[in-house]
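This report concerns only the one structure given below.
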Amino acid sequence: MFPTPIEKRSPAGRAAYQALLPVALILWLLPLIAVAVFSIRPDADFSNANYWGWPSSFEGVSNYSKVFLESDMPRYLLNSVLITAPTVLGAVALSAMTGFALGIYRFRSNLWIFFMFVAGNFVPFQILMVPVRDLTLDMGLYNTKTGLVLFHIAFQTGFCTLFMRNFIRALPFELIEAARVEGIAEWRIFWYVVLPLMKPALAALAVLVFTFIWNDYFWAVVLTQGVESQPVTAGITSFNAQYRAAYHLMSAGSIVAALPPVAMFFAMQRHFIAGLTLGAVK
Amino acid sequence: MSGVTLSNVIKRYGQVQVIHGIDLEIADGEFCVFVGPSGCGKSTLLRMVAGLEETTAGRMSIGARDVTHEDPAERGVAMVFQTYALYPHMTVAENMGFGLRMNGHPKAEIREKVAEASRILKLDDYLKRKPAALSGGQRQRVAIGRAIVRGPEVFLFDEPLSNLDAELRVEMRVEIARLHKEIGATMIYVTHDQVEAMTLADKIVVLRAGRIEQVGAPLDLYRDPDNRFVAGFIGSPAMNFLEGTVRNGAVEVPALGRAVPVPVRLPPEGTTVILGLRPEHLGLVEGDESFTVELTEALGGVSYAYLVAGNGERIIVEERGDQRSRPGRRVGITFEPERAMLFDAQTELRLR
Amino acid sequence: GSHEMKLEGDLKIFSDMSNPAPRAVMEGMVERFEQMHPDLDVELTVIDREAYKTQIRNFLSANPPDVANWYAGNRMAPYVDAGLFMDVSDLWDDEMSAQLASTKGAMTMDGKQYGVPYTYYQWGVYYRKDLYDQYGLDEPQDWESFKANCQTLLDNGVKCFTIGTKFLWTAGGWFDYLNLRTNGFDYHMKLTAGEVAWTDEGVRQTFANWRELIDMGAFIDNHTAYSWQEALPFMVNGEAAAYLMGNFAVAPLREAGLTDEQLDYYQFPAINPDVELAEDAPTDTFHIPSGAQNPEAAKAFLKFVTSAENQTMINAGDALGQLPVNAESSVDEDKFLKEGFTTLSENSPGGVAQFFDRDAPAEMAKVAMEGFQEFMVRPDNLDQILQRLQKAAERIYE
Amino acid sequence: MTQATLPDTHPGRGRSWWRRNQIGITPWLFLAPGIAFFALYVIFPIFQSFDVSLHAWDGLGEPRYIGMENYAELAEDPAFYTSLRNNVIWLLLYLLAIPAGLFIALFLNQTVTGIRLYKSLFFFPFVISQVVVGLVFTWFYDPTFGLLNIVLGWVGLGPVNVLGDPAYVTYGIIAAGLWPQTAYCMILYLTGLNAVNPEQIEAGRLDGAKGWRMLWHVVLPQLRPATFIAFVVTIIGALRSFDLISIMTNGGPFGESRVLSFYMFEVALSEYGFRMGYGAAIAVVLFVIMLLFIAYFLWSMYREERDR
Amino acid sequence: MSGVTLSNVIKRYGQVQVIHGIDLEIADGEFCVFVGPSGCGKSTLLRMVAGLEETTAGRMSIGARDVTHEDPAERGVAMVFQTYALYPHMTVAENMGFGLRMNGHPKAEIREKVAEASRILKLDDYLKRKPAALSGGQRQRVAIGRAIVRGPEVFLFDEPLSNLDAELRVEMRVEIARLHKEIGATMIYVTHDQVEAMTLADKIVVLRAGRIEQVGAPLDLYRDPDNRFVAGFIGSPAMNFLEGTVRNGAVEVPALGRAVPVPVRLPPEGTTVILGLRPEHLGLVEGDESFTVELTEALGGVSYAYLVAGNGERIIVEERGDQRSRPGRRVGITFEPERAMLFDAQTELRLR
């Protein structure tokens, strides 16, 4: 293990490390902590230029209830869920399939198809903006969650395929061969052998894609409009435009918008790290 | 009837040919072991029998069926892999029953067959465990159980024991021998290990560079190898080889400083030949000073003396009992000439 | 009135009235309209004002509502040209034309009308009367007293003007006023129509005047970092004494605690005595997209919006706090609205402009306002800026 | 049993066409939906963008073919060069996320109690939307009340208008971007450090390598895969930078913080212009730059695959 | 002077003690091998000598220096790992020179020492290659070369050959023996492998569960084990154990159906004891029907007969030559009573 485990250091070194950890963490998260504190300050603190002092009163409840009750934030949050969940499902499902095909089978164009996904994934997505918007318009899906979901699934498939394929590559190929000798149809091999083994990768990918999609702003702006279909990132900007300079409300809104991916990450972190180790850093 | 017949079987990877026309007949119920140096094509040949590698040319049949182009699943073979290849997410019972389940056999039948196999392999207590919770030997047993359950005509093993430690290896080896006796199916077994080959096989196939060097029963190969390669490959420690020349109806061996009257039909006068002597057929004698003891290794019951001749040739002599020659001593060797073998130096073929 | 008609079905309205007060007004209007037409189901979508500006293109062609907000003048030209706004000339009967005469021109292209106005508002200088009093200053009457006032404030450690140029258009307001006062309404209109070069001597004079203020340090520091709202606290806290802004600034200033005693308004004073005073008064409008599903109801709604009664109501001080367009509406008792009404109706002989980014084509407006912002930070770059603007103009106006 | 033949113990001896070609066809069936989606939404649009870049089009009327005019104009557009310059700055400085991420990963690669929680918390910034990050840093930089200037004030330095000053603005935004990006690199390195062969570290210790020299000679070479991924995602992140600029400065002051991706959005879809063709041309240029990295990435991958 | 001395060395991981006070003296230039079952603490003890694990208690010195708390790099030891632990990004030459480079030796000196080591190990042709381009045996040689180059006083090997195949293992074993002779440094070697231990060691340390069972020269352990554990551990195939009881000055062994007059000081009448018989000291006889041949394994030179006694006890008998008993035959065994060993059934200590 590198660096040398701290248990092997002197007790003083150990204590110093233990003390340094929280300090470093607070410094690292300072901007976030600031926002969190902002979000429970009363309006008056900002007029009185009491930005960094002790909050003159704790208005967390009223600030957050304002966000939830007097704005469209709940609606936006719901939209985000309705956009993110199908996308995660779709992208993970599609890429499990492509990853399986590319990771297990040898055929001539294998590497080229794989490279197509990889290259497509790294494309600056702005280049897709104009045509994708037109495509969505033509399909009659402009300003629908479906339109956004379909695009996200397609675009994420590139990254997910890279991830899945590498993961599947690392599985022992004998498992597939053993199954073939046993006379198991290919799709059953996928379903009963490969898929269960990919659980950590699926979890890691689900978290990553969830994060990417939840936080997407660009495509939300390009493909949707209005509260009926826009996700929370777009919602937070319009919320902020509405309450510009009302820092306490903006902060509360931002925290609300940021919370779901954080929760998701926490729930899945064990799988996330395991999957990442196997899939990405190989 | 489920013997395996290979006729002029060839395998090419792109331009590289790795199996050069193999003809082989394995009888129904026979235990056939493939041995040979690393990279000689043992695994490839086995995988071709399994259908995991396509056969480039030639014919392959199992029983009366031509299976050359059949799917692995349809050949009626089962394979045990070196790394076990157990499905880590399934319990032992599920691992064993998986193939049947996927092929739509009724649950009761599966349960019964799994129970039967686990009885044979003494796995009853572990049926609910996942492979990760098993020791190496147990995993290997599950892998074998998975093969048994499907009741195949032919079992294929690719170095099934090489991931186990020495002790377990012995144990599992005996187990496999017992299994073969019990179910009597045709088995093809790939190994690196001398001892496994000698003890398990009804028939050993010695491969070199994609070609068969010799096929035969273990002791036949030991006693009557066709060529120098097989002679050197079978037996441990390996056979000693000394250069010699045919002179006056005997073989003059410089290292020994004398002529040896090998009782075989000798080639013409003056031909260079190679004299093969197994370490276990040699004895040390005092008085003769042809060799110097370089090193001795005592293993308890036996010890090996590494000797070097005046002309630099080296041989190994097995000594029984606890005696152990001191390094540096000068010794001679004795042997019964009828136990010596003679090989043509050019073709390396056995002269008999 | 539109009461007689029996309207049914859905009416989809997209609105950019996303700030709290306008939003309430919009929702109120819809409510009242629905009450008038119980069988009609009005579906209102309020979109963030900034986002709306980019999204209107998408929904006009892809997903058109029955009614949409937009702006008068050049800003509606692309949509009219592309046939995305419906010709509503039939609404503009004689009665309506008379009531809305002041903005009919701004709603007309090629002799046809493409929408109706619902509000406009004056621009001008909002200032801290208490500070002015404290330093013994009066509302300036000309350029000299304007600068002199400023100097006094600066000497006392107070900035003359607050401004936040992060979103550029606030700088456009300054340019409008300086140019209108330096070169006059007609010149300004020619400039925004691409008929006068940006390198023209007149333009240079405008910038020279502006530079006087910049060199004095009249504007707050770091204005590039702020939006217009974020610049308000400087005035509220007394760090800056005035704000050149539209009337919509009054509401947040009051909310922030400034009383009507502290806050006052004056018209931007003359600079060149030879030109007549002209004002900016941006007009906000309603349009019917060509793809509207329920044009009947849409027209009824437009008619309803323009009614004197409605305009009085929505422009009231407790609502939009702006000026009604309908001549028969009454102006609220609010002191700023009254002053603004007077300014626009009596004290603006030169004419009424829409606003820089509505008078000039959008692309030109963007390039130019970026230039203004740069000029405010780096006045020495003027030549370079003007050349750039001229080059852009040559391309944009072709 | 009326059947005369022996019962067939091996099911599916039907030799149907499907059974014989199963292994050849299955991958294509599995690939079909993915490829279809990807082609429709990603591959095809790339070519469409090339096409659009040869037209003048406001997104409303009919596109008009103008050949290379958009590119010719681009070649003389100062805003384009500003964006390009900023892109280069982004690319270079964003790479700082890699050593920074490594440093934090090394700091956290211990097994004290609660370290997992610390690791997760350090990863936070990556999980949070850039919209929020942008907002947070905008306040951090605020010239009047921003924490940055308060701290600078303590050490006697005057307020710096980071986001309003063309000299600092790009760096300010990059610093904000580095925050989540560093977290990302950190997690990559943490997983990479997990995979470092402990015997090699021990061999290094016996060889007398310590501290930085151990890191440089023994550990870093083993972290190559992590470094490679970190490099790739960082480059991509740098070239895609859009959200932060949009939120923090909207490209200002006077366009000094624009990068190509933002500029193209501004030109093609923002309030003040709808020049789809021109925007597409910018996208094409950005794509060509990115292509260099894509090519590099694919080449590395190809080499690795070949060596396998 | 660079012998290694351990005095009451203890290792604890948290609450778990894995090394329980080891006292050991390894002379300068001695080749000492640690053997013992898996998990007994061989590696731990070796790593403690290397300084890779801290010593919880006790003293450890190399030569005259107390190194208990010294850094690994300062102890003058070099270690060869089971997985080689070569730096994959460095060439062979860089791998070997790395230690010197880190300690600031001049370039010329490093080059010279690397050249010297690669000559000894016949690695000259591979100096520019990366480890990935080497075979297993070559990698192992590089790992040894890396140790040699630093000219340590003590070499440590942790199962250095267990990743090689059988043939290479033999080859490298001889290589290591030669190396020890050539450079004469103190070496400590951990292995699972009987043969390696017996052939390489000057002194074998048999460990069990963190304690030393016996220390001695290989043949001494073979001939004169202190207890049943060592007797069973040393020798292959393992010693056979049969239960017996002391009766009338002899040992009555039910499996044999007779009393054996073992020439040792016998414990009191009626004590249960265990009789130890090595397979190589046994012979088969006709006429006596105590045992049934269950299975035979013929390896060419020798074969092993697996016998089962009437009371179910099993033993293995080594048969020399080509003869091979048929399974199912009933046989008896012969042996010289002075070669039999006797152990207390309770304490498992040798009775002599």
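So that you can tell them apart, the chains are marked A, B, C, D and E in the order they are listed, and the count of residues begins at 1 in each.
Criterion: a contact is a pair of C-beta atoms (placed from the backbone, for glycine too) under 8 Å apart; a residue touches a chain by one contact, two chains touch by 3 or more.
Small disclaimer: the values here were computed from a predicted structure and weren't measured.
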| item | value |
| --- | --- |
| Fewest hops from subunit C to subunit E - one hop per pair of touching chains | 2 |
| Dominant chain pairing [most C-beta pairs in contact] | A-D |
| Farthest-lying chain, centroid of Cα atoms versus that of subunit B | C |
| Centre-to-centre distance between subunit C and subunit A (centres being mean Cα positions), rounded to whole Å | 41 |
| Whole-Å gap separating subunit A and subunit B, where each centre is the average of the chain's CA atoms | 55 |
| For subunit B paired with subunit E, centre-to-centre distance based on mean C-alpha positions, whole Å | 27 |
| Contacts with two or more other chains, residues of subunit B listed in rising order | 71, 73-74, 103 |
| Residue list for subunit A, restricted to those that touch at least two other chains | 49, 183, 185, 237 |
| Where subunit D touches two or more other chains, by residue | 10-12, 22-23, 59, 218, 269 |
| Subunit D residues touching subunit C - in the complex, by the definition given at the top | 58-61, 73, 78, 141-144, 159, 161-166, 249-250, 252-255, 266, 269-275 |
| Subunit C residues within the subunit D interface of the complex | 50, 53-54, 57, 61, 78-79, 81-82, 84, 165-168, 221-226, 357, 362-363, 365-366, 370-371, 373-374, 377, 388, 395 |
| Subunit A to subunit D touching residues, read off their complex | 1-3, 5-7, 14, 17-18, 21, 24-25, 28-32, 34-35, 38, 49, 51-52, 94-95, 97-98, 100-102, 104-105, 107, 110-111, 113, 115-120, 122-132, 134-135, 150-151, 153-155, 157-158, 161, 183, 185-187, 190, 211, 214-215, 217-218, 222, 233, 236-237, 240, 247, 250, 254, 257-258, 261-262, 264-266, 269, 273, 276-277, 280-282 |
| Of subunit B, residues touching subunit E in the complex | 38, 165-166, 170, 174, 177, 192-195, 198-199, 218-219, 222-223, 234-237, 278-281, 295, 297-302, 306, 318, 320, 322, 324 |
| Contact footprint of subunit A on subunit B as seen in their complex | 50-52, 71-74, 77-79, 81-85, 87-89, 98-99, 102-103, 146, 150 |
